[in-house]
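Each of the two complexes below includes chain A, the first together with chain B, the second together with chain C.
Right, the complex of A and B next:
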């Protein structure tokens, strides 16, 4: 049986698709005038990031990424927009002056250049031996043994944030 | 041509991608002047951190489970951050009828 023609290009193509979704979604999230499109850009970037996680040998995190970022974070932000955002962007709404944007671009470009240079030219050590393959079973065992403190702290943080969100959002509420 | 075929196995690609995502998020954080827009940019920065840690974890760490636990920690933090930040946004909107950062700068000198 012959392989599918040009099948060796399929994996890089899918990779580039996900990388493009990540960067394109992030650009949409930052540059668009409408805040609801910005949320859609964030969702697109999250799909791209999930693909990146898949390529980095962790389908588990890819699933969690879609579940939490698209299923929870984006939906919550959409709720907040429905409650607290005017429909039409007015003139100059959500925008600073041109020099301000130019300064932001310069800062972002400097950060990108510095960190990308560190990543590319850095002398990264390759480990001699890998103690595990990072599968879901190993993550579960680690969460309940070696990393159990992290699990407990995340649980505590989520509890405190739920209580804090309830307390803050309830405070200004009046019965009219 | 072989470079293109191996693109998904080179750590530098992932690190540059994460740096680009961080830069875009930082740019948005400075550029936006609504609270929700700034929050979305903050989420992009969280994503950049996750991608960077995951790339280092995949290629350079002897025990990959540590990175997974770290990413789960970051995701929990970002979900908690969104919950708190959005409740603050709602509270601010109730008081000021606006979520523009310029309108709620009452305490500036």
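Right, the complex of A and C next:
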């Protein structure tokens, strides 16, 4: 069995593509003035992340990433924007004083340095074999055995949020 | 992976691109002919025999038109929206199992992948409507979101019901589980869920709604909103949306065939193959066209009420019913 041709070039290329999409999308999301473009940046970063998951042999996680983040989160955000936001960014919107920007920059750099240092020098265990195929069955079994408490808590949070939404909506109807 | 794999994938991609293009062009012809027949007129007749060259003339016209970005529109997003619409549709085709061997990528989570790719559709239409800075576009964008959010839920519940019956997420395996004659199809899997035909009808309604087809074409209700989100698009910008719409119809119908109608298996148990898949696929497409020209457009509140008050309770009930039946049987 001969290997996939030019795989030694293709693999880094694909990785760079996804990494670029993730970082570029995140930068767009942070730096643009139009909030709807921020959402597009978020969508792009999600696609990049999904590609990264796929690259790491977790197709299920990749597809769920797209399904949830683009199909649900981004769409909900844009829906809220369309209901609430004025069209044009006002003058001075998003512009802060120099000390503010400096402080934000220092905090961001510190967090980045910390995470990067942890990632590069941390003592990560390397599994000798692939733990699982990242498939649905493994995830299902794990959710209902080892992680059942987490599953229950998530379900409880969702229930509470639905009840909260119902309560808020009902109260809203009686306001004149 | 062997060296033959990239060649196979490349060939499959070329085939899919051709299939999508021809489908879009000739489904428009079928649609216009069908509309004509349902309304007791002839449809296109002038260009070529029975108007068969009409799609080519239309394509030439669309491609030669100027691409206009309206002043005041968000230029980047306005251009990006049609680009976001088409590739996910083409990628979804690579997952469809046309026959036992004719499938681009046989993923073990193929069904989820299909829905993941189709979720780009909503955001693309919404961006198109929002970025053209046009009142019809914005109304259409708001409509398409609330409609798709409402219909995603019964769709997913129906999909889970089918999944519980077939027990796998791989599209090929789902079709394999329905081999034999037509009483083995999921549509008639009455032993594990007596309401399976109802489930199929819910799926069909949701599919019509997700692909923005009449009677649920709120996004481009031409008598109210000009063309909704596509109002400002000229030339091939509009053409891409149009192609993607037909590609999505074909994907939705193919999904119906895979999930309920036994995929490439023949209804009488002999000669399975891609032929049967295409016959069933185009029968479903014909149903979609038939529905469009038979039923008037619903009102928007009617549309949302149908989903939240009728389809979701029924689909939850069928889900629970099949869970109980599978546990008991």
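Everything below uses one rule, namely that the second predicted complex is superposed on the first by the 147 of 176 C-alpha atoms of A that agree within 3 Å, B and C clash if a C-alpha of one lies under 4 Å from a C-alpha of the other, contacts with A are read in each partner's own complex, and residues count from 1 in each chain.
Keep in mind that, in the parts below, a residue touches a chain if its C-beta (ideal position, glycine included) is under 8 Å from a C-beta of that chain, and two chains touch if they have at least 3 such contacts.
The structure displayed is predicted, hence computed values, not measured ones.
Of the two partner chains placed around the shared chain by superposition, chain C is the only one that A:37 touches, whereas chain B remains out of contact. Contacts of A:60 after superposition on the shared chain: both chain B and chain C are touched. Legend: residue contacts after superposition of the two complexes on their common chain; A:116 is shown touching chain B, with no touch to chain C. Between chain B and chain C, more residues of chain A are touched by B. In the superposed pair of complexes, A:75 makes contact with chain C only, with no contact to chain B. Common to the chain B and chain C contact sets on chain A are residues 60, 64, 72, 76, 79, 83, 133. Interface residues of chain C, counted against chain A in their complex, comprise 1-3, 5-6, 74, 76-77, 80, 107-109, 112-113, 115-117, 119-120, 122-123, 126-127, 130-131, 133, 138, 141-142, 145-146, 148-149, 152, 169. Residues of chain A touching chain B in their complex: 8-9, 11-12, 15-16, 19, 22-23, 26-27, 29-30, 35, 38-39, 41-42, 45-46, 49, 52-53, 55-58, 60-61, 64-65, 68-69, 72-73, 76-77, 79-81, 83-85, 93-96, 100-101, 103-105, 107-109, 111-112, 115-116, 119-120, 124-134, 138-139, 141-143, 147, 150-151, 153-154, 157-158, 160-162, 164-166, 168-169, 171-173. Residues 4-5, 7-8, 11-28, 30-34, 36-37, 39-41, 43-44, 47, 50-52, 54-73, 75-84, 86-95, 99-100 of chain B are the ones that touch chain A when the two sit in their complex.
Those residues of chain A whose C-beta lies close enough to touch chain C in the complex are 1-5, 34, 36-37, 40, 43, 50, 59-60, 63-64, 66-67, 70-72, 74-76, 78-79, 82-83, 87, 133, 135-136.
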